[in-house]
Amino acid sequence: MLFSQLIFNLERGKAELQEHYLGKDPELLTGASLENASSSQLTFLEQESSLKSQLSESKAGAVLLPPQPELIQKASEIGISWAVLKNPRLAFAESLSLLNPRERPPEGIHPTAVLGENVLIGNKVSIGAHVSIGNNCEIGNRSIIHPGVVIYANVLIDEDSELHANCVIHTSSNLGKRTTIHSNAVIGSEGFGFVPTSNGWYKMPQTGIVIIESDVEIGCGSTVDRPAVGETRIGAGTKIDNLVQIGHGVTTGKGCAMAAQVGIAGGAQLGDGVILAGQVGVGNRVHVGNRVIASSKCGIHADIADNEIISGFPAIPNRLWLRCAASFKRLPELAKTIRDISRAASE
Amino acid sequence: MLFSQLIFNLERGKAELQEHYLGKDPELLTGASLENASSSQLTFLEQESSLKSQLSESKAGAVLLPPQPELIQKASEIGISWAVLKNPRLAFAESLSLLNPRERPPEGIHPTAVLGENVLIGNKVSIGAHVSIGNNCEIGNRSIIHPGVVIYANVLIDEDSELHANCVIHTSSNLGKRTTIHSNAVIGSEGFGFVPTSNGWYKMPQTGIVIIESDVEIGCGSTVDRPAVGETRIGAGTKIDNLVQIGHGVTTGKGCAMAAQVGIAGGAQLGDGVILAGQVGVGNRVHVGNRVIASSKCGIHADIADNEIISGFPAIPNRLWLRCAASFKRLPELAKTIRDISRAASE
Amino acid sequence: MLFSQLIFNLERGKAELQEHYLGKDPELLTGASLENASSSQLTFLEQESSLKSQLSESKAGAVLLPPQPELIQKASEIGISWAVLKNPRLAFAESLSLLNPRERPPEGIHPTAVLGENVLIGNKVSIGAHVSIGNNCEIGNRSIIHPGVVIYANVLIDEDSELHANCVIHTSSNLGKRTTIHSNAVIGSEGFGFVPTSNGWYKMPQTGIVIIESDVEIGCGSTVDRPAVGETRIGAGTKIDNLVQIGHGVTTGKGCAMAAQVGIAGGAQLGDGVILAGQVGVGNRVHVGNRVIASSKCGIHADIADNEIISGFPAIPNRLWLRCAASFKRLPELAKTIRDISRAASE
C-alpha cells in the first residue's frame, strides 16, 4: 500500500491526523519497530518514547509521529515520509489492520464438523474441521469457529465472534457480539465448589451460567467457570490475557484488562476499567473498585476503593509499597542497628 | 419439583433433615442465592452466613436453614416454606442435583471417534465426536468421554469417570473410579527432567506413570506429569482446580483440595486433607503434613508438620505472618524511628 | 536388556564409563529409584546424593555410581552389579532411553486428518487422527503430529519434531529441528496488545511471528505469543515447563530453562542459560543477563546483570534476600524492641 493510500485511510480513522509529508510516497508492506524498520516498512514514535533519539538513524519507509516539532523537523531532515497524529500508536494499530488485513477462513461448515440437533447457524459463518457443536446452539452471523473447537449444548454465540482452535465452550454459556476466545481457553466449565463432609468433599452442582458481554477477548488457556447458581459475567470490552483463571460467580465491569496468569477467586466483583498486571490474585468475594490498578503479583484480599493503585501482598497503596520494599532490602541492617542501640542502652 | 418431593429426597440424604414446613408446597425449578431467589427457586442459609438479616426480604420459594430458632421464626413470619437441616449447604448441593440432574450424552461410540487396537469399552459408555483412543486402553462402565479427548496407548479409565472435551491422557495413566478430568487438562505428560551437560540439557526419559485414585477431580487446563521412574499419585477424593501444575513424582494424600494456579514441584509429598489456596507453590521434594492449610500465594520450601496453617513466602505460621505483614506496612516508619533514635544516641 | 549390553552402549555414550562389574549380568527391564528398585531394575547414585547410606540395602539389579571408592566397595560387598561413570545421572538418562525406547506412532497421514492446500509433508512423518493443517505448511522429515493438533496456515515445522495431542500452532510460526511441543500448548497466538482510547481498548494487530529454534521443548498448556511487529524468539536448546506464558516480542537466549507457571511479559529479553524457577515473573522489556538464576516466585522488574542469583519481589540478590526473609519473620519482635527503646528514651 502506498503511503498516500494509508494517509487517505488514516484521515478517516480515530487517531486524528494533523499533517503529513508524502516524500517519495513509499510502498509499505508491513510495520516494524523504529530500530528494525526497512524502507518498505511503517513505524511510529510516541510522545514519551525512549527511542526518539534513534529517529535520525531510522531506515523506515515512513513514520507516524506525535505533534512534536523537533521530531517533525528531524524526520524532514532525513527525508523520511511522515504523518503527525494526535495518537500515533492508535494510528499504527489502524495501519497494521490496513497493511495486513486478517485472512478469513472460507465460509461454510467443514464436512468433518459434527452438529447436534436444532443448531442455528447465521450467515457467512465459518465452521472448521473437527468442530463439535451440541444441541440447541446458535452461532451468529459472520462468526468464525476454528478447527477442533468443542461447544456443549445450549450455547449462544453472537455475531462477528471468533473462537480459536481447540477452545471449549460449556453448556448454556452466552457469548456477546465480537467476542474472541483464544486457543485452548475454556468457558463455562464447572466452578470449584465442594461441601466438606465427614466422608470427604461433596460436589456442589454448578447449575449457573457464564455470560460474556460484547467485545470481550479471552486469552489462550484461560478459564472462566460457571457458578453453582446465578451467573459469572465478564463486562463489555474487557480484555483477558493467557492462562487467567476467573472463578465461579465472578463479575467484572466494563473495559477491564487482565494480564497473563491473573487468578480471580469465586464471587469476586470488579468494577469498570480495572487493570490487573501479571500473576495478580484476587480473593473470594472481594470487591475491587472502578479503575483500580494492581501491579504484578499483587494479592488482593480485602475490598479496594475506586481509583486506588495497589501493590504487594497483602495489597497496599503502591506508593507505600515502594517505600516498604525499599526498607525490606535494608532489614538486616536495620535489625543490626536495633541490636546495637539495644545493647548500648542496656550497658 | 414440589418442595414436598424435595423433602422426601432430603430425608434420605446426608444433610440430616430435622423439621420442615411445607407452606404452599411451591414448585421449585432451580436454586439461587438468598438475594436473587424468586418464588420458583430454592435457597439456603448457613449458621455463620452474613446474609441472615436478608432472610426477611427473600422472595425465594423455599429456604434450607440451620437449626437456629430465630431463623425458623423469621421464615415462618414471612410465610416462606422451609426445612431445617444440620448441614444446609450439603442439603442445597443435594437439592441442586435433584432439581437439575446432569444430562448424560447418548450412549455409544460416535462414528467419528478413532479407536486403536485392543481397546476394551465397558457398558453404557459414551464416546463423543473426534475422540482418539490409543491401543490397549480400557474404558470402564458408564464412563463419558466428551468430544475431542485424546487418550494415548495403555491407559486405564475406571467406571463412572467423565473426561471433558479436549483433555489429553498420556500413555499408561491409570484413572480410578468416578474420576472427573475437566477440559484441556493434561494427565501423564512427560515430567520436566533434564540433565545439565556441557552440550546443554539432555532429556531424562520419563518412563514412570500417573495414578489417579478414585473420586478425584482435576480442573481445566491443569497438568499432572509422569516421572522418570516410579509414579505420580493423586490420592482418593482429592479435588484440584483449574490451571494447577502437579510435577513429576508428586504424591498427594486423600481428600486434598488445591485452588487454581497452585504449582507443586517434582517429588513433593502431600499428606491427607491438605488444603492449598490459589497460586500457592510447593518446592521440590518438600513434605507437607496432614491437614496443612496454606493460604493464597504461599511459597512452601521446607517440610511442614501436620495441622499447620501457613502463609507467606517463605511460608511461616499464619498467625505470625499476619503480624509480620502488619509490621511490613509500617517499615518506612520503623526505619525512621530507628534513624531518629540512632541520631539522638550519637549526639 | 542384559547389563552387559547396557554397558556396551554406555561405553559409546557421553557419561564417561570408567569401570564396571558385571556380576550375574542381570536382565534389566526398567529403571527405578534406589529405594524402590527390584532385581530387574537399574538405579543410580550421584556424588552428592543423600541416599548413599541406602545403597547397602538396595535390591536393584544394577547400579550406576560416581567414581567414589567407598560406594564401589559397598556395591561389591552386597554383590550388586555396578558401573562407574563420571556422570551417573546422564548415564541413567541414556540407559532409560535404551531400556524403554520411545514408541513411534505409525508413519503416514491418518485418514481423518484434514490438510489444506500446498502442504509439504516430509519422509516418515506421522500425522494422527483429527489433525488439521492449514494452507502452505511444511512438516519436516520424521516429525510426529499427534491426534487433535491444529496448525494454522504458513507454519514451518522442521525435521524430527514432535507435537503432542491438541496443541495449537498459529499462523506463520517457525519451529526448528527437534522441537517438542507438549499437549495443549499454544504457539504463535496473538499477543496481548491494546491501545487505550476514549472508547475502550483498541486492538493492536499482531502481525509478527514466533520463531522456535532447534532442540526446544515447550510444556503442556504453555503459551508463546506473536508480537505486533517483528518476532518472538525462543533460543536453541531452551526447555520450558508447563503453563508458562511467554509474552509477545520476548526473546530468550540459548539453553534457558523455565519451570512451571513462569510468566514473561512482552518485550523482555533473556540471555543464554537463564534459569527461572517456578512461578517467577519477568516484567515488560526487562533484560535478564546470561546465566541468571531466579528462585521460585521471584518478580523481576528491572534489568539483571550476568550471572546474578536473585530472589524475592522485587528481585534482589539471593544472599541478601535470605537474610531479609529471616529478618521479616522477626519484624513484630523488632517493632516491639523499637517501641521499648523509643519509650525508654522519651522517659
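When the chains are written out, they are named A, B and C in that same order, and each has its own residue count from 1.
Assume contacts are C-beta pairs under 8 Å (C-beta built on N, C-alpha and C of every residue); 3 or more make two chains touch, one makes a residue touch a chain.
Values in this document were obtained by computation on a predicted structure and should not be read as measured data.
Colleague: Do chain A and chain B, two copies of one chain sequence, contact each other through the same residue numbers, with over half in common, or through different ones?
Modeller: Different; most numbers are used by only one of chain A and chain B.
Colleague: What rotation angle, rounded to the nearest 5 degrees, superposes the C-alpha atoms of chain B onto those of its identical copy chain C?
Modeller: To bring chain B onto chain C, one rotates by 120 degrees.
Colleague: Provide the C-alpha centroid distance between chain A and chain B, rounded to the nearest whole angstrom.
Modeller: About 27 Å separates the centre of chain A from that of chain B.
Colleague: If you look at chain B, which of its residues touch at least two other chains?
Modeller: Those would be 112, 130, 148, 166, 184, 221, 243, 261, 279, 297, 328, 331, 334, 338, 341, 345.
Colleague: Which of the residues in chain C come into contact with chain B in the complex?
Modeller: Going through chain C, the ones touching chain B are 14, 30-33, 36, 87, 89-90, 92-93, 96-97, 99-100, 102-103, 110, 112, 128-130, 146-148, 164-166, 182-184, 215, 217, 219-221, 237, 239, 241-243, 254-255, 257, 259-261, 278-279, 296-297, 325, 328-329, 331-332, 334-335, 338, 341-342, 345.
Colleague: Which part of chain A faces chain B closely enough to touch in the complex?
Modeller: Spelled out, the residues of chain A in touch with chain B are 112, 114, 130, 132, 148, 150, 152-153, 166, 168, 170, 184, 186, 189-190, 192, 194-195, 197, 199-205, 207, 221, 223, 225, 228-230, 243, 245, 247, 261, 263, 265, 279, 281, 283, 297, 299, 301, 313-314, 316, 320, 323-324, 326-328, 330-331, 334, 337-338, 341, 344.
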